[in-house]
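Both of the next two complexes hold subunit A, though its partner changes from subunit B to subunit C.
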Partner chain A sequence: MEIKGTNYHVTYDSTTATVALQGTLRLRGINEYDPIVELLDDVTAQEPETITLNLQNLQFLNSSGINILFKFVIQIREQGSSKLVVRGSTKIPWQKKSLQNLQRLMAGVQLEWGE
Partner chain B sequence: MTSKNKQPSPEELQAEIAVLRKEGATLQQKVATLQQKVATIQQEKTDLELLMQMTAEHSDQVADELYTTVEITQRESQERFELVINTVPVPIIISRVAEDVIVYANAAADELTGETGESLLGRSISEFYSKAGEREQILVEVEAQGNVDSWELQGKQNGDTYFWATVFIRPLTFNTEPCLLEAYYDLTEHKQADLERAHLQQEIIEAQQRAIQELSTPVIPIMDRIIVMPLVGNIDSMRARDVTRSLLAGISQHQAKVVILDITGVPIVDSGVANHLNKTIQAARLKGAHTIMTGISEAVAETIVDLGIDWSEITTLSDLQTGLVFALRSLGVKLTR
Partner chain C sequence: MQQTFGNFVEQENGDEYLVIHFSPTSLPLQQRWRNSGLSADFLAEYWSTFFPAHDVSSRNKQLEIKGGINYIANELLENIMKYSYLPADYPVSLGLCLYQDEFKFYARNAIDPDAVENFQVRIQALLAEDTQTLYLQQVEQNAANAKSIGSHLGLLTMINDYNAQLAWKFETISQDPEIIVVTTMVQLAL
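Coming up: the complex of A and B.
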């Protein structure tokens, strides 16, 4: 599964249960994020053992975008059967604080940092 | 006795207790369900509060990053702009369209206008145009064309001298204001060189005219008190006046008593020229010199006869040699072989 926009690219690799968000995500409002939300809902529904969220090439994410990621984490927490690994980049300043915040929503979120 | 006062039987009491117990269990179940719902709502409320807080934090973080990036980009852009503007040896002035106020000028512009430091800033650019209304004309042209190339103007330098420049004008937004960027190509040296060249050319033309005049009316002192003026080519009224002027000057200069006017090289003599030559001879006579006309060609002689010109009072001889002999004799010089 994949979704392509002008400056962004969202993919889901079912073999590794990895969702990768890349580029610049600055869609206007929650509604424009609907296709991505649907993709994330599908991933949660499949209940893989571990879901990996790779954000290492996501340069920019607006507040509507972080909102859907927060909800995705809550959904996995409520689903209760999948673990969540989130990969971030130390080179992208906004990720440090916002990704750490994911652990406030779901204590078991495992954060992995790369460049 | 009515049934109201009748005591319930133990069986009835047990049945009532069973019903009450069942109701109690149902209520407990409802309480448990409600407690679970409350817990869920509580969790959702907590999640929602966290979500709002963390979204706000994310927004602040991203806004800070963007603001910092914009600041850095603006600073870099400004530094790059200033580096380029101050490196090129081209005077550049930026002025606000609305108020005609200079908001930026590079070092080369200071040099061009003779100003120093930042003294150009805040002043009207029209101050530096020599021609009144130049600014308005430029604005009209920019309005019509957008970009204006090769606008030639004269500007003031140090307030009292002038420079010439061709100006390249571009509209731009500078510090959020509509402005004009003017890049000057200093033409002052070219203009001065052009003026010097034109002056030199005029001098050359005048010198050539003098040389031609001298060559066309040559006065040759061949012996003491004898001068010869050989004339070559057509003689018009203007040249005839020059002949008179040169001949009289030659008489004075050489204290000549005899003038030989040789017209061997003159192909045509019309009545106007003949009259001029007559006047020349009369003027020479007044200066105390006798004029001998030599070298009258057949064609000229025919013309003079045809036109009825009277040269009977003038000494005319066939050629210069004969004229020279006559001149010497008239001065009492004896020639011996």
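Coming up: the complex of A and C.
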């Protein structure tokens, strides 16, 4: 599964159950984020043992985008079938500021930091 | 008529400031939207000149400041574009001023007079309640409501994730037609 936008790229590798978001995401509200939300819904529905969310190349995310990531995490939490690993980058400022909230939303979220 | 919430300080531009000023009605929102990102990127890059990176510590500081300006400017511009009351046909602006130990952002736009009361209730909650709790509550509410259109997380992320201080001023510019302008001030410590 793949979504390509002007400044962003979202992929899902089902062999490793890894969703990767890359580029810059500044979409306007829930309607424009719909295709990405649908991709994330499909990932959750497959119920892999561990879902990996790779954000290491996501340079910017607006609050509407942060909201859909939180929704994804809550969905995984409510379904109860999958563990979640989130890969972030210490070089990307918004991640150092906002990703820790994921651990407040779902106990056991593993946050891994790379450069 | 004027009303302020929080520690609102009037904009005094000082020696270093930039202002983006435009008409919210001259272009459709769809076309205008890209400018919020462009502007935020520019502002972040511009102000990074004042925080040169010559070692690990100063490089990290520069990165943090750029990230903070980029995120806050983008959110304020997106809010201006989403919530500007177009029938007032009143210009909007985002000003960014550098002081010795902080940045101050000033976002100014006309607001729907019918929306003022609800917005002020929300502001009072942001100023009085535990914003970490409000943040998580809003996130859970958004997840439970599939039809929610806005995330209502812009201001909460600024407060909780960036430790920004927020304040507001409401001014009645005209009675007939009724035009109310809101200025959102965001202080970002260096």
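The criterion applied here is as follows: the second predicted complex is superposed on the first by the 115 of 115 C-alpha atoms of A that agree within 3 Å, B and C clash if a C-alpha of one lies under 4 Å from a C-alpha of the other, contacts with A are read in each partner's own complex, and residues count from 1 in each chain.
By definition in this document, contacts are C-beta pairs under 8 Å (C-beta built on N, C-alpha and C of every residue); 3 or more make two chains touch, one makes a residue touch a chain.
Values in this document were obtained by computation on a predicted structure and should not be read as measured data.
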- Item | Superposed partners subunit B and subunit C on subunit A - clash or fit | clash
- Message: On the A-aligned overlay, A:81 touches which partner chain: subunit B = first, subunit C = second, or both, or neither?
- Response: neither
- Message: One more residue to check, A:101. First (subunit B), second (subunit C), both or neither?
- Response: both
- Message: Just to be sure I read the superposition right, which of the two partners does A:93 touch: subunit B = first, subunit C = second, or both, or neither?
- Response: both
- Message: Tell me the contact category for A:29 with respect to subunit B and subunit C: first, second, both or neither.
- Response: second
- subunit A residues touched by each partner, larger count belonging to subunit B or subunit C: C
- Once the structures are superposed on A, label A:71 by its partner contacts, choosing first (subunit B), second (subunit C), both or neither. both
- Item | When the two complexes are fitted on chain A, the stretch of subunit C hitting subunit B, from 41-49, 77-85 or 113-121 | 41-49
- Query: Just which bits of subunit A does subunit B share with subunit C as contact spots?
  - Reply: 60, 62-63, 66-67, 70-71, 74, 93-94, 97-98, 101, 104-105
- Query: Which positions of subunit C touch subunit A when the two form their complex?
  - Reply: 29-30, 33, 36-37, 63-64, 66-68, 70-71, 74-75, 78, 82, 135-136, 139-140, 142-143, 148-151, 153-154, 157, 160-162
- Over in the complex, which subunit A residues touch subunit C? Could you list them? 24, 26, 28-31, 60, 62-64, 66-67, 70-71, 74-75, 91-94, 96-98, 101, 104-105
- Contact set on subunit B toward subunit A in their complex: 47, 50-51, 54-59, 61-62, 65
- Spell out the residues on subunit A that touch subunit B in their complex, using ranges where they run on. 60-63, 66-67, 70-71, 74, 93-94, 97-98, 101, 104-105
